[in-house]
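There are structures below to look over.
In the two complexes below, subunit A is the common chain; its partner is subunit B in one and subunit C in the other.
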Partner chain A sequence: MLNKLTKNLNQILLAVGTIILALIVGGVIISFSGNSPLDAYFSMFNGAFGSKQRFMEVLVRMIPLVIMALGTSVAFKANLWNIGGDGQFIMGSIFAVFVTIYSGLPPVIGIPVSILAAMLGGGLWAGLAGWLKVKFNANEVITTLMLNYIAVYFLSFLVYGPMMDPKGSKMPQTEIIPQAFRLPLFESGNRLHMGIFLALIIVIIMIFFWKSTVGFKIGLLGQGEKVTTYAGVSVKKMIVFTMIISGLLAGISGWTEIYGVQYRLLEGITSGYGSMAIVIALMGGLNPIGILISGFFFSALLVGGATMQRMTAIPFSIVDIVQGLIIIFIIARTAVNFKEIKNKIVRRMGHVK
Partner chain B sequence: MLSNIFTVSFFVSLLASTIRLATPILLPALGQIYTQRAGILNLSVEGTMTIGAVAGFAATYYSGSLWLGILMGMAFGMLYSLLMAVLSVTLRANQVIAGTALNILGIGLAVFFYRVIFGIQSLPPQVEPFQMLKIPFLSEIPVIGVILFQHNIIVYLSFVMVVITWFILEKTTFGLKIKAVGENPKAADSKGVNVSKYRYFAVLIGGIYAGAAGAFMSIAYLNIFTESIIGGRGFIAVAVVIFARFLPIRAMWGALLFGVASALQLRLQALGIDVANQLMLMLPYALTIIALVLASKKADFPSAYAIPYSRKER
Partner chain C sequence: MEEIKVNDYAVVMKNIVKEFYDVRANDNVNFLVKNGSIHGLLGENGAGKTTLMNVLYGLYHPEEGEIFINGIKQDIHSPTKAISLGIGMVHQHFMLARPFTIVENVMLGRKSRKGILLDTKETAKDLVALAEKYKMKIDPYAKIWQLSVGEQQRVEILTALYQGAEVLILDEPTAVLTPQEVDGLFVTLREMKNDGKSIILITHKLEEIVCIVDEVTVLRDGAMIGNVEVDCNTTKAELTKMMVGRDVLFNFEKSNSAAGEKKLTIKDLKVLNDKNFLALDGFSLDVHAGEIIGLAGVDGNGQKELCEALTGIRTVESGEVKLDTINIENKPPLFSIKKGIAHIPEDRHITGLALGWSLKKNLILKTFKDNSKFGLIDEKKIEDRWEKARVAYQIKANSGDDSARDLSGGNQQKVILARELENNPVILIANQPTRGLDIGATEYVRQKLLDAKGDGAGVLLVSADLEEILQLSDRIAVIYDGKLMGILPGGSDVKKIGELMMGKKLEVEQNAK
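Coming up: the complex of A and B.
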């Protein structure tokens, strides 16, 4: 018990250290631009936590990000590099809105059906990449990425074409989904919606998922194909299955954004959540609680960064820079063998004596 | 009606723009042939190209020299890929994650410094791009002259690089060593080839090509810089290398295939034909998937593909 506690504490300290290091390097880059890093970070912090409304906005961003990062973590645990979260998010959203607008189902049935449709859209899109991998040995990194572009253009085709709001003023967007289908808001004045509970429930489900046989098998997949074959699991089926799970979570993430925030399909609905979900999943150690915490941190960075850009002359891209740096430090940390370096130093010191 | 559209002049302009649009895929693909042959899967080509695009653009904007722009694109491309080399060769990190991180970082850095250098302007700053260089006599040949010999100099040079890349990889000791460290690093090591050194070379050369291609986009194709200027071409180039089974000549055909897909979209749009434009825009990306599917089973991947090398784990 105590062992586990110190292990967790170590992990948290390492994570905090990584973030601080990334912020320091990011600060150096900010100072290149002739701005003060302290001003930048203060404005970012204030932008995320300065008022109740801003804090609520952090939570709003956190909902789709955490759900998508959980999806990403499923694939990553199996060493499947699904970086197509954006595409799966979009396909999930398209399927869901399609059902809601055209089926005419009453909300009682229509809402659950729209969630299932979102899961189907996201799952199919990721499953396709999984199937191409096992069937044709096509690298999933490239296929999931290409499927992102295809989804983006498909969405754009729909909102400019067949799904464009017939009553709207030729804006590239679908008609708005009826009030009864939307996720209720907590209070007027900010955008926080009930989707936050959905996100928390999914975090809890994922904790149990990793303890289940299925979760265990997915973990095995990540430890090499041989092991999985020995454990009596069909590797090919598991790869497709893992990708589907990963994608359906991205689909749900799209559903929360559409039914909780946007209420319609329009271009650019993912706002680059996909790459951020990768960072969140890795920073969270692919662990549901870790993802929840790192999801909160990165949502704050996102909201704070947007405020900083408005308040100062520092571009928002510093947020991307910090994200990239954090992943680099994480992989550098796990790749460098600290023991080896320590031994080397000890040996050298010995020579000096 | 169709006969009105598919005239000779349509095909001529289609094929001419095919060659132009193949260039920013061909160049990074040629570079990645070195990198992938040496056993490194560098997915950060997209980010490296974006860095090359902003470096080339800024250098040209302030110096007025297009050649300095290309040179700076190459220099910054190489510098940036040094990060990938450190992560993948020295630190033996997971190459997919390293590549993904460097894409996020690269695009972030490029946009950040573009904003810092140029600020926010109502009209995007522009440069005067490379002019068309008509090859004497050859460009006078009807049809073929227009298709092949009326491009800017970078386009010609890129196609010359196909032969040079082939020559270096197939006919020089340097090329042999690059291939050896990707095929069988252990054996190469025992023959006295410094595996890390040649993998560094391979990644840096890939960075130079990618940087040049990025600069091509901002100063020889468009004359502005935007955040999404590369538009997935870096990833397509990585796929082209696999599709081409790591051979320069085939990479050229692969790049031309993507060129034709993009050109078709642009030409049809220019003619005002009502094929939903967004569906046409999907074409190169869908083609990438199809190409990967067709090629991946047959592709003879280097044996040590994407596997870090450590002397201790012999």
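Coming up: the complex of A and C.
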């Protein structure tokens, strides 16, 4: 029990350490650019937490990011490199909006059906990549990436063509979804919506998911195909299934963004959430709580960075740099065995004596 | 050992220390090889034999110690340097380029005598002459992948000789050979010795080399335990004690209870290997309840594919496998698991265990559904399960949360045994169950196989280790090139088994029925 606790604590400390290190190195780079790192970070912090309004904005960002990162983590745990979160997000959104606009279902049924449609869209899109891997041994990194492009262009086609808002002034977007279908807001004048509860519920579900027999099988796949087969679990079925679960969460993530924030389909709705979700999933150690924490941090970084850019002369690209540094440190963390370094140091000291 | 007259020896290694992080693989080892002698280097798996020889061959740099070759102190910083000093090494795992011919392999990494043109013909001629001199037979234009393991070993030896080796290191050379091939190897080694060369033979099995070596150095846990002159009459007991640090019995009580009814029937099995060649070519065999049938054979003759076909991991092209009266060929692995076919796979790291997972979870790899409540893994139940297994199988680990990777090979195998024997299997397929284990763990695993048989399981023991086969088997089947060569009664003559292992078919198969 204690063992487990220290293990979790270690995870969190490692994540925090990574962030601090990235901020320090980022600070050096900022000072090279002729700005004061302290000013930059202060305005960034202020930008994220300076007012209730801003803090809520951080949470708004966090909702889709955390849900999508949870989806990404499912695939990663199975050693499946699903990097197509964006495409699955888009397909989920398209399916959901399609149902809402054209089915004419009343909200009581229409809302749950739209969530299911989002899950179906995202799940199908990722499942397709899984199926291609099983059937043709196609690398999922390539296929999920390709499917991203297809989804992006398909979305453009829809919003410029068949689904374009007939009442709109030729804007590339669909008609707005009726009030009754939207996720309720906490208070008017603020964008924070009830999707935050959905995100938290999904975090809790995922904690149990990893303790379930299904989670067991997905984790086993991550340990290797041979041992999976040996244990009597079908590798092919698990690959497709895992990808579906992964994509289905990305679909839900799209649903929260459309039904909570955008209220319609438009070009560029993902704003690169997919790549951020990957970083969040890895930084959170593929663990639901870890993902919640790192998702919160990243959202603060994004919102704070945007404010900083508005308030000071420091460009938003600082945020990109910090993000890039974090990725580098995460990779370094997995590539370099800390135990080896420790042992080397210990041995050196032993020799001196 | 204080004053060593370095001039009397071909090789002197003095106070060698080699560390890998927290492991001292060589701890102040002194190792001396007389000129023109055959010298055994004996020790259990992990004793540090390979490490010591890698230091001599320039692959590792020792933290401390010095090396003298023919009396002159040398800094052997690379294999190239070692080769230039006349040291050659044949590794445990051969380092040949498989798509190339023998002569091409020998020429790799060497300058041609004809400048930019290849001197293939000349080299081939030299090679054949060299091979004949040391009583080996080769076809220089054969491709490596076409060769048997024994032939590949010959190529390695030839390469070393061709590079001018005066001191030849052979790392566990007998492990991969049939008894007859071992005899052939020894003829070659004696020729080399007569020629004034020095040979270092690494082994963890004394009895195989006792007749050919002049002297043996024993390593244990990285330390040099002793240096003993031996000959054919030296008894195993004392040296084994030096190796292990305690007395070893190795006398199993083989209960000769009559074998029960036929449980597993394998008929005309044809199975492809990973390269889509026939690995099993019409293989047939029966396994009865309450017996251990040993399947002897040189590695790579279809054993792995057989085990995989029997457990549903590999597809069967034709033929059938029956458990009692049920056909189990081409059923998913889960089917045979449920029917009570247990499997100790050959590679415990990739197949037998989820290395990154906890021991607790590894124990329930196949039974996780039975260890769950409302779809959630029952933590308490698997903790109990672990505790029971730990006690019953004497698994040495800090806790069930340790990852399987952190255990020694012997303890990893115990975890697999604990899992596979949990529900008293009907059939137990054990593929090389003691490979790479130390003597203590080997003893333990073999006892467990006998226990399983005592509990009524039909045990198919696949092993390249004839000693193991002879110790445990009630019947001995031999596989060669994917075919059954014959079935011999337990305790048959080693030479006879060896003949079958090389592809000679058993002439009269009277007792087959």
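Just a few scattered comments:
Following the convention adopted for this analysis, the second predicted complex is superposed on the first by the 344 of 353 C-alpha atoms of A that agree within 3 Å, B and C clash if a C-alpha of one lies under 4 Å from a C-alpha of the other, contacts with A are read in each partner's own complex, and residues count from 1 in each chain.
The working rule: a contact is a pair of C-beta atoms (placed from the backbone, for glycine too) under 8 Å apart; a residue touches a chain by one contact, two chains touch by 3 or more.
Only a predicted model underlies this, so the values are computations on that prediction, with no experimental measurement involved.
After superposition on subunit A, the partners subunit B and subunit C are accommodated together without colliding. Touch criterion not met for A:38: it reaches neither subunit B nor subunit C. When the two complexes are overlaid on their common chain A, residue A:16 makes contact with neither subunit B nor subunit C.
Looking at the superposed arrangement, the partner reaching more residues of subunit A, out of subunit B and subunit C, is B.
With chain A as the common frame, subunit A serves as the apex of an angle whose CA-centre rays point to subunit B and subunit C; its value is 70 degrees, to a multiple of 10. Applying the stated contact rule after C-alpha superposition, one finds that A:224 touches subunit C and leaves subunit B untouched. When the two complexes are overlaid on their common chain A, residue A:139 makes contact with subunit B while staying clear of subunit C. Of the two partner chains, neither subunit B nor subunit C is touched by A:205. Residue contacts after overlaying the shared chain place A:279 against subunit B, while subunit C stays out of touching range. In the overlay built on the shared chain, the residue A:81 is in contact with subunit B alone; subunit C does not reach it. The superposed three-chain arrangement places the nearest Cα atoms of subunit B and subunit C 5 Å from each other.
Only residues 29, 32-34, 81, 83, 132, 136-139, 141-143, 145-147, 149-150, 153-154, 156-157, 160-161, 275, 278-279, 282, 315, 317-321, 323-325, 327-328, 331-332, 334-336 of subunit A touch subunit B when the two sit together in their complex.
Within the complex, the subunit A residues that touch subunit C are 3-4, 208, 211-214, 216-217, 219-220, 223-224, 226-227, 229-234, 339-340, 343-344, 347.
The touching residues of subunit B, when paired with subunit A in their complex, are 43, 83, 87, 91-94, 96-109, 111-113, 115-116, 232, 235, 238-239, 242, 276, 278-279, 281-282, 285-286, 288-289, 292-294, 296-297.
Looking at the complex, you find that subunit C touches subunit A at residues 19, 21-22, 311, 313, 332-334, 337, 343, 345, 347, 350-357, 361, 365-366, 368-369, 372, 375-377, 379, 399, 401.
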